[in-house]
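Letters A, B and C mark the chains in the order given here, with residues in each chain numbered from 1 onward.
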Amino acid sequence: MATEVGPTPVKAPASGGTPIHHGPKGVGEDNKILSQGKWASWLLAPTVIALAVVIVYPIISAIVMSFQKDAGLDPATGLFTAGGSAGVQNYVNWLAQQCAAPAGGTVACPPGTLGAQFWSATATTFFFTVVTVTFETVLGFWMAMIMARTFRGRSMVRAAVLVPWAIPTAVTAKLWFFIFAFEGIANKLFNTSILWTGSEWPAKWAVVIADVWKTTPFMALLILAGLQMIPAEVYEAAKVDGATAWQRFRLITLPLVKPALMVAILFRTLDALRMFDLPYILTGGANNTTTLSILVINQIRQGFNAAAALSTITFIIIFLVAFIFVRFLGANVVEQSGATGKGKK
Amino acid sequence: MKTPKFLLPVATAGVLALTLSACGGGGGGTTGGGGAGGGDAANNLDGRGPITYVQGKDNSNVVRPLIEKWNAAHPNEKVTFKEQTDQADQQHDDIVQHFQAKDASYDVVDVDVVWTAEFAAKGWLQPLKDKMAFDTSAMLKPTVDSATYKGTLYAAPQTSDGALLYYRKDLVPTPPKTWDEMMGMCSIAKQNKIGCYAGQFSKYEGLTVNASEAINSAGGSVLDADGKPSLNTDQAKAGLENLAKAYADGNIPKEGITFQEEQSRQAFQDGKLLFLRNWPYVYNLASTEGSSKVKDKLGIAPIPGKDGPGASSLGGHSLAVSVYSKNKATALDFLKFMTSEETEKFYATQGSLAPVLGSLYTDATLVKKLPYLPVLKTSIENAVPRPVSPFYPAVTKAIQDNAYPAIKGEKPVDAALSDMQKSIESAGAGS
Amino acid sequence: MTAATSSATSLRAEQDRGRRNAQNKEKWAQGRTYISAAVILIWCLAPAYWMVVTAFREVGFTYDTSILPSHVTLDNFNTAFDTSFGNRFGQALLNSVFIGGVVTLVSLIIGVFAAYALARLNFRFKYLVLGFILGASMFPGVALITPLFQLFTNIGWMGTYQALIIPNISFVLPLTVYTMTSFFREMPWELEESARVDGCTQGQAFRKVIMPLAAPAIFTTAILAFISSWNEFLIASQLSSDATQPVTVAIANFAGAQPNQVPYTAIMAAGTIVTIPLVILVLVFQRKIVAGLTAGAVK
């Protein structure tokens, strides 16, 4: 949703160091916790109820819909008839790329149907995710290292990096569409005549470039904040011990920034997995730039119920990725955000 | 002191709970539509009284004066104008929403030619036959076809739109009549170091229009009379091959694959194209816009076909009566009023919208205002409606996804057409 | 500096050489920093610059590629606000402000209580609640939109303000709760304790002592929430109508004087108008926003 609206990682009260403030004093006094629990449930009720209404209800509704058939055409009258129950057919159709056959039953979806695009859209989504997040991390790190130095005009640079972040994605997409036009400034500046939106790889790179432009600054600020948590004495000590710049980076900077970095990467990844605005406006999903989100939107007008199945699949994919991150890659989000630093696994 | 702080969350929770129940009430997993409506189509045929007319934005202020005129003449059957948004998708969804709810307040709706079949198949549009019969004899046949589904007329054609071939009359003395002739003239383009031909070949709705035109112009068709795809024909193949070959030869410049209406207009105006297929709107801009380099070199002709004028894809709008309307007799009269010669003329002069009545295309005052009308008439007379299918979104996708790689030479034309065929068949087979 | 054992003179010479070397190195490093900084500046600002330059260019010269402003005009800004082609950009601006305002307000009112509980209270299921809110923020918009599209069609809410505000809350609220929670954790809660020693109830202490202190944090959170709502496109592109659409949708669908005509210069003008308040906001509150963005990640 709020794709690339930077604040995402904000949601990531991250690991890294021990929490400065422990929860209320007197942890362990059971009755106090009990009364606090009462308080807490009152305070949390509105948020939980609100989220239940705007999220849990649609999820359940989508799941119910996904087991229904979409309306079909009665060949005799040419009129639509209601679909009835579909069982898991909608899911099978997407995952196995099966489409309805004229003679009844299903056949492999021919190119030119939405069904034929499921796996390619999944691959495209993951491609965008891996490539943009990698670039954003590397470039973001570099930008953060520069901004961490002291030089005149530093505050100007820090302010400038917020500009791409502040421009709405929809506007960004229109802007890059214009820049990447055949007669546009990009081709003029680099003296090329690339059809940026006309074939697969240029189109993909156009999306990647626009996305990296938009979100790297945000990544950089996050990493910068992590860098500034490292006391200068640590570096001084390392210098005295004769550590090279690369060693200092690898042995000090990286490990100390890692917890914050992992969380930032997790949230950027989840954001990239639901990428919609940018390819939707920039390429219209042509040339293999259709992401899962675009596929769902295209399906809505061809049948709610199949779209509901697809959106449920998308949700599950994103959920799985988040799970893997938290479980295996040590992006400790929930635990670390608790007031009592439970530490890592 | 304590109470207010407790009250706030409680109150908020209460409000939210109300919202929840409101949401729950309308929810559920049923699909709208259904084949209902058979009964509704027989009701209220003699009903007279006030009605509502629903249409997208009235940008050039055509509809309001017309309705005032109608209301002055019919004080007991007044028409209320409900103006929708400017966005086609939003108009579509708005109509769906009201029909799904069997809303009687949308009596007469303005439908895009590509929605007619879908709404008719959902049983929402009143068939214009028997008591509701509507005379279309004076109208250009292709516009009538676009409002017809399964042999029944469901809407009254009101405005139309067809493609024109723009050419450089300083370089081409007489415009080409056939596709082959045009390709032959591409040597002129080469001599002048400009591109030869462009249409709209970016992957979007415009590609459906251009690919269908190519197929229809070569004598093929996307859908047959029964609405079944008919793409495995030599004619369809010849049509799509024309585009693929022109692209491979460089007669369509390579950037043509990124062109939508605007980029192709820009290229033509910059003097970078010999021929351009586009809509009538280009005429005024190319002959007046400051940066246009072709102001005095602009020629127009019907798009070229196999042996004569090609088959343009048809745009435009029709008026339909809702089956849920209570005053269908009034609605029918209003349809007749809105498609009368006088109204059509007003539409053309005031809104620059192409009429559906053949006689108006040679009307001296109109031609003076819109010089392209006589050419446009040939274009529309030879036009073929865009595929009339209740699964239009799926059909247009099938065409775009396959025509695009075929034109670029990444997919053999045969395979592209056969996949198009299968995709459309699959869409028609239901979910 | 290593501890030298040589004579005083050679030590001094060595120190001088070392200093010179260090100075040169320093200069070189400083130079590289400036070059890098310049690269960053250009990378971040050049596309935005192009938007502004195009916004001030005559429509007939849309594809002019001279780097400096040329054919300068203010017409595009008039065109952007011109309603005669069916664009309602002015209306869309108001819509965005209204939707963003309501969403921000509701999310803050609800979220501040939750954040307080999460930051200050100990209770069972805390991690469950945190996980739930976190999960909510990861939730893909498309999974909401399918059921909502159908639901709103059925109950006649398509294109209404509530149809845009309610789904917006689903992602602004988790954001609000998280940012506020991390801010709250850094508050000097000792003051609350002492207020309670002075006889205030927990509620009074919260209202009289903590709230005033938390005001800047709440303000920052409000800015972030507003920006994220302002930028929303997916939900709005599917559920809004002409009368309720926010600026993001209005710009994506900008129509020209003729059907099929796309007025890029006017779109860039509209983009500039939409961006400038945000950029000003961001520049003025730069420190606060950066603190808000990173509060969660590093503390």
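Here are a few things to note about the model shown:
Heads up, the rule we're going with is that contacts are C-beta pairs under 8 Å (C-beta built on N, C-alpha and C of every residue); 3 or more make two chains touch, one makes a residue touch a chain.
Bear in mind the structure is a predicted one, so any value in this text is a computation, not a measurement.
If you draw each protein chain as a dot and join the dots that touch, every dot ends up joined to every other dot. Of the two chain pairs considered here, A-C and B-C, the higher C-beta contact count falls to A-C. Measuring from the averaged C-alpha position of subunit A to that of subunit B gives a distance of 37 Å. For the pair subunit A and subunit C, the distance between mean C-alpha positions equals 16 Å. In whole angstrom, the spacing between the mean C-alpha positions of subunit B and subunit C is 40. Multi-chain contact residues of subunit C (touching two or more other chains): 63, 110, 113, 147, 150-151, 166.
Within subunit A, contacts with two or more other chains are made by residues 42-43, 46, 50, 53, 57, 61, 65, 181, 183, 304. Within subunit B, contacts with two or more other chains are made by residues 9, 12, 19, 23, 27-28, 32, 266. Taken together, the subunit B residues at the contact with subunit C in this complex read 1-2, 5, 8-9, 12, 19, 22-23, 25-28, 32, 57, 59, 84-87, 90, 93-94, 96-97, 100-101, 260-262, 265-266, 270, 279, 281, 284-285, 289-292.
By the touch criterion stated above, subunit B contacts subunit A in their complex at residues 6, 9-10, 12-13, 16-17, 19-20, 23-24, 27-35, 37, 89, 120-123, 149-150, 202-204, 227, 254-255, 257-258, 263, 266-267, 390-391, 393-394, 397-402, 404, 408, 419-420, 422-431. Subunit A contributes residues 1-14, 16-17, 19-21, 23-25, 27, 32-33, 36-37, 39-44, 46-48, 50-51, 53-55, 57-59, 61-62, 65, 142-143, 146-147, 149, 151, 153-171, 173-176, 178-179, 181, 183-185, 188-189, 213, 217-218, 221-222, 224-226, 229, 260, 263-264, 270, 273-274, 276-277, 280-281, 292-293, 296-297, 300, 304, 307-308, 311-312, 314-315, 318-319, 322, 333-335, 337-339 to its touches with subunit C in the complex. The touching residues of subunit C, counted against subunit B in their complex, run 58, 60-63, 84-87, 109-110, 113, 147, 150-151, 153-156, 158-159, 166, 201, 203-204, 206-207, 240-243, 245, 253, 255-256, 258-262.
Subunit A makes touch with subunit B in their complex at residues 42-43, 45-46, 49-50, 52-53, 57, 61, 64-65, 67-74, 77-83, 86, 90, 99-102, 104, 107, 109-116, 181-183, 193, 195-199, 284, 286-287, 298, 301-306.
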